[in-house]
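By letter and in written order, the chains are A, B, C and D; residue numbering begins at 1 in each of them.
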Amino acid sequence: MPTEYAFPDNAAKTADASQELVSEKMSVAMGPSHPSTHGVLRLQLELDGEIVTKCDPILGYLHRGDEKIAENMTYNQFVPYTDRLDYLAPLANNVAYAIAVEKLANLVVPPRCQAIRVIISEMARISSHLLGLGAFAMDTGAWTVFMYQFTEREKLYKLFEELTGARFTTSYTRIGGVARDLPEGWTDRVLGFCDQFLPILDEMLEMLTRNKIFTDRTVGVGVISKEDAIAYGLTGPNLRGSGVPLDLRKDKPYSGYEQYEFDVPVGSKGDSYDRYLCRGEEMKQSVRIIRQAIKNLPGGAWYAEDAVRIFAPRKDKVLTSMEELINNFMIVTEGPQMPAGEVYFEAENPKGALGFFVVSKGGGVPYRMKIRSPSFCNLSILPKICTGVLLSDVVAILGSFDFVMGECDR
Amino acid sequence: MSLAPAEVLSALQGKFAQVTARPSGDHPAVNVPMADAVALLRHLRDERGFDFLVDVTGIDWDVDASPRFSVVWHLFSTRDHGYLRVVAACASDTEPSAPSVAALWPAADWHERETYDLLGIRFENHPDLRRILMWEGYPYHPLRKDFPLAGIDVPLPDLEVGEVTRATAAPAPMVGGPFVASTGEMNLTEAEPRAKDESWDERKEKPDTL
Amino acid sequence: MVTSNTDLAYNTKIEDTLVVTKADAVINWLRSSSIWPMPMGLACCGIELMASGNSRFDIARFGAEVMRFSPRQSDCMIVAGTVTYKMAPHVRRIYDQMAEPKWVIAMGACASSGGMYRSYATLQGVDRIIPVDVYVSGCPPRPEALLDALIKMQEKIRRQPAARELLGGAKAKSA
Amino acid sequence: MFDFYFDLPLWLRLVLQGLAVMLTLFPIAAACSMAERKVAAWIQDRPGPNRTLAPLLAWIPGIHFLQRLGLFQLAADGGKFVFKEDIVPGHVNKAYFVAAPILAVIPALTTIVFIPFGAYLDAAGRVVPLILANVDVGLLAVFAISSLSVYSVILAGWASNSKFPFLGAVRASAQLISYELSMTLSVLPVFLWVNGPLAGEVAGSFTGTLGLGRVVEFQSQPGFFGGMWFGFLMPVSAFVFLVSLFAETNRAPFDTVESEADLVNSFASEYGAFKWSLFYVAEYCHMIVGSAVFMLLFGGGWNPLPWITLGDLASWIGIAHLPLVTGLLGIGIFVGKVLAMIFFFMWVRWTLPRFRYDQVMKIGWQKLLPLSIANLVFYALVIAWLDTR
């Protein structure tokens, strides 16, 4: 491992390369409104012909002040804001946030709640990876895959809607549980989705995996070495695509992930193609986890019953018991009462490790909430790997990174 | 190295006498003087296997607190799958600064820029310390405790557009909006979620600039 | 002479039986039938904007699937998502680059009013920098809501005095 | 029946013929853009544009069929452009900016005059091709004029004075010029064959021509080789020509020039309304002309099937004595083939990803060019061998 990282002086590097032909470099702003920056990322590129000699990502076009908002909201009030971090997998964000705060409160949720959270996290992973896959395909020019995956996502949305009432801004988890139990027959419909999803996924992957044009566009493009991936703090499929078998679901199991059998796909070269393959395989593993979780779905409570001052009491109790009514009022107005302390928890989200660093001084409102967003960390390697590639490669690299500006800028 | 906090501390104190334990809800955490921070982090990376810098951030411990700012590093070991939190307090309360670890982990580059942007902690020897989330030239550091959630009126980043549209980055109206609460334990009346608006409410007239 | 009441020219209830040949009606029909959106997919709503193009909702039925990322070729900017102060000037500049006639749909609570993001970084409604024709509620709105907005937009376009604007009124409007 | 027409002065006849063909081509090219959207929708399991209906026409029975085809959508899109503000941005070079789309359309529409689009049997039972300018240079003229279209792209990109259009123009100029070479080389064997020794044996009189009509006539000969389409005789030529055609018309997977993902809309980014649509009409015109040339050279032109000529078909169904009907049948078969080709273009576009720019150049220079040269040498040797036999 190198001890010091030098920040390459890109200008000097390319000056060497172009000594024979003195040419003027072109500065191009790619974004913030550009079809392949997936949101409002802006890349300030310096081009030597078609070759990118310098890439300076400019973020913050979607900085909405989530961390500041968190400091002014009770813990439960902030749940909807976590939906809008990685808005492709809100359920997984909800879960990560809830577990972080539960750690602060030293709260253990019952097994049924854990299993529900695993199921929804994995469904969110499928939903997010599908869009990542489709967007990647679209960036390389294969429009139709993009449309196909949306059909599958619609089926997922239907299930989410049945469970939570919203298509993707779900706000389903609460501190100490989930908002409500699974609807009747929902698990069967999830299994039904899984059954029909796998062949369709194979069909979609078939359109790309062995496609000569697609492999030409992606193999060897945007190679990230193992060491770089770790040094730049990459997580999720981007890290695993580089051959680092780090998956927090396996290595720091939370929410009962240790009970489930699944494989962690790992890439070999760390190029865009490997990242794509990892995502494809992860969806299949998610289906595996969902099936196991539903098969062994424990009964019992879906919220921590001992979390009296944290989890709002059930509606029927609120309406019948004075004590519960007061309790409900306290939880809503003051927020769930938390001890003072600092916790950091990160969950393996579709995009990578989504971490919440919660600093509490007690009471119902966090004192400081730092959100460690995977997209932010993943993108930080862009200046390095987007140097010396062709302009079209930048598009392929961005597609393979599968980032979401909502959580990157927060 | 999923060590118990006490073990981590004793192992580190052998080399860095100034390191003290820090209360933590979960992972081992240590306090370190700012001067020793980089040496400690380098030691942790090279000899303790904490090769993954998860996060760099800062905390503003309130306007009157001293030391007011702390910098927090979260480390992770890809080998042993353990976390470690390293916290160092900034010497100055008005011009906080901390050493940059961007040379140890390139990942720190953007995290430090973000901390500088939102909290105003300057990182010495950072290769390119610019704002990252707010625009260049934004005069405030929004995550500081004296900065209101609604914001402070400044011109738009593009002056021309600001001139044409006469829009500014005006304070967000809080009336009827999301009800915000206050942190810490206090009496119910104050902690109760309410519309906290600095600029206008039901009694005061809505300013024209909005 | 063009009157502001163009119900006579085009009304869905009587369109099949009544034939009125007015320049406005023709121009408005052309314009309203071919709204090419400029997708300003900024945040979460952008996902629903994309979803409205998929095969379940298919915005293409209204001829509006031609998402032109170049503002010169688009008719209607769909601002989908939170507009931050950093992004606002870009939104405005892209709007300025669009050719007349142009319309704006503010999709979702954030674009309409700042929504739940009452904070220092968020523009409290895109209507502070560009004129908005149709607001869509929801956080995010369902694709059906966007399609509804599109139909509302078509109705709105059909009420416009298009011929007068073409014959010099456009200057007066822009001035 | 049409004697009055032949009594008209020649220049008037030519003008009328030219107008007729171009006024057909232009709407077809425009309709292709709608077809593209419908094909895309069909491939992606969507209905596609089907809501738009002109209010005045709603009462006509059966009109809903056209509505579902998106025909009125096409009318609305086209009409909208007319009433849309025609932007000439302040930072562009105005004269060239305006000239570019016009320059794009001129070669696209001009090349059609060298394309025979059908044939009829005259009183003597001979096949007479329907063509506006039946010149011997035929294909050469098509290549020469259609290659002018690259200037429009360069002009558009340069005059836009903007970066993405500029990059697109640079890509376009390199790509179009590269593929022209292998395209031309790929058709040479066809004309070697047509003007070669076998031609003398089979037909007797085909010498020294590059006319496209002659190629079709050659494929309409009796006998095994006579009735064989060149696509079967020279599959490599056909393949190289087809691939080059995709590249020349900037179609996927070679659409690096206007690749939406990285250059947004490339050279046409700064164009709006009518000027912008002219580029697309030109692109589709090129596709139509290219498909037509492909069908003439390798697909048997207006002959319905290999070894079955239009004349055979006409005499079987008993219309050989009606030149008008035969002519229409020939045109119908030919147009049908061309439209099938265009569907193929669209099918490919909505199925395959896109090449990268340098890969496009590599394919052009390192794969297609050697392939077409080898192909040419092979057929030259075969023809030389036939000649000395």
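The rule is simple: a residue touches a chain if its C-beta (ideal position, glycine included) is under 8 Å from a C-beta of that chain, and two chains touch if they have at least 3 such contacts.
Owing to the predicted nature of the structure, the values given are computational and were not obtained by experimental measurement.
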item	value
Between A-D and A-B, the pair joined by more C-beta contacts	A-B
Centre-to-centre distance between subunit B and subunit A (centres being mean Cα positions), rounded to whole Å	22
Whole-Å separation of chain centres (CA-atom averages), subunit A against subunit D	47
Distance from the mean Cα position of subunit D to that of subunit B, given in whole angstrom	62
Whole-Å gap between the CA centroids of subunit C and subunit D	37
Overlap residues in subunit C, where contacts from two or more other chains coincide	54-55, 69, 86, 90, 116-122
For subunit A, residues that touch 2 or more chains besides their own	34-35, 60, 63, 65, 68-69, 147, 151, 409
Shared-contact residues (touching 2 or more other chains) in subunit B	133-135, 142, 147, 149, 178
Pairs of chains satisfying the touch condition	A-B, A-C, A-D, B-C, C-D
Parts of subunit C lying in touch with subunit D, wherever the complex brings them together	10, 15-17, 19, 21, 25-27, 29-31, 33-34, 54-55, 58, 60-63, 65-66, 68-70, 72-73, 75, 97, 99-101, 162, 166, 170
Parts of subunit C lying in touch with subunit B, wherever the complex brings them together	85-86, 88-90, 92-93, 114, 116-124, 128-130
Subunit B-facing residues of subunit A, complex	1, 3-5, 7, 59-60, 63, 65, 67-69, 71-74, 77, 103-104, 106, 228, 230-233, 244, 246, 251-252, 333-335, 339, 341-346, 353, 355, 357, 359, 361-368, 370, 372, 376-377, 379-381, 384, 409-410
Interfacial residue positions of subunit D with respect to subunit A in the complex	40, 43-46, 163-164, 166-167, 171, 252-253, 255-256, 259-264, 350-359
Complex contact set, residues of subunit A against subunit C	32-35, 39-40, 60-65, 68-69, 80-81, 83-84, 87-88, 131, 147, 150-151, 153-154, 157, 167-169, 405-406, 409
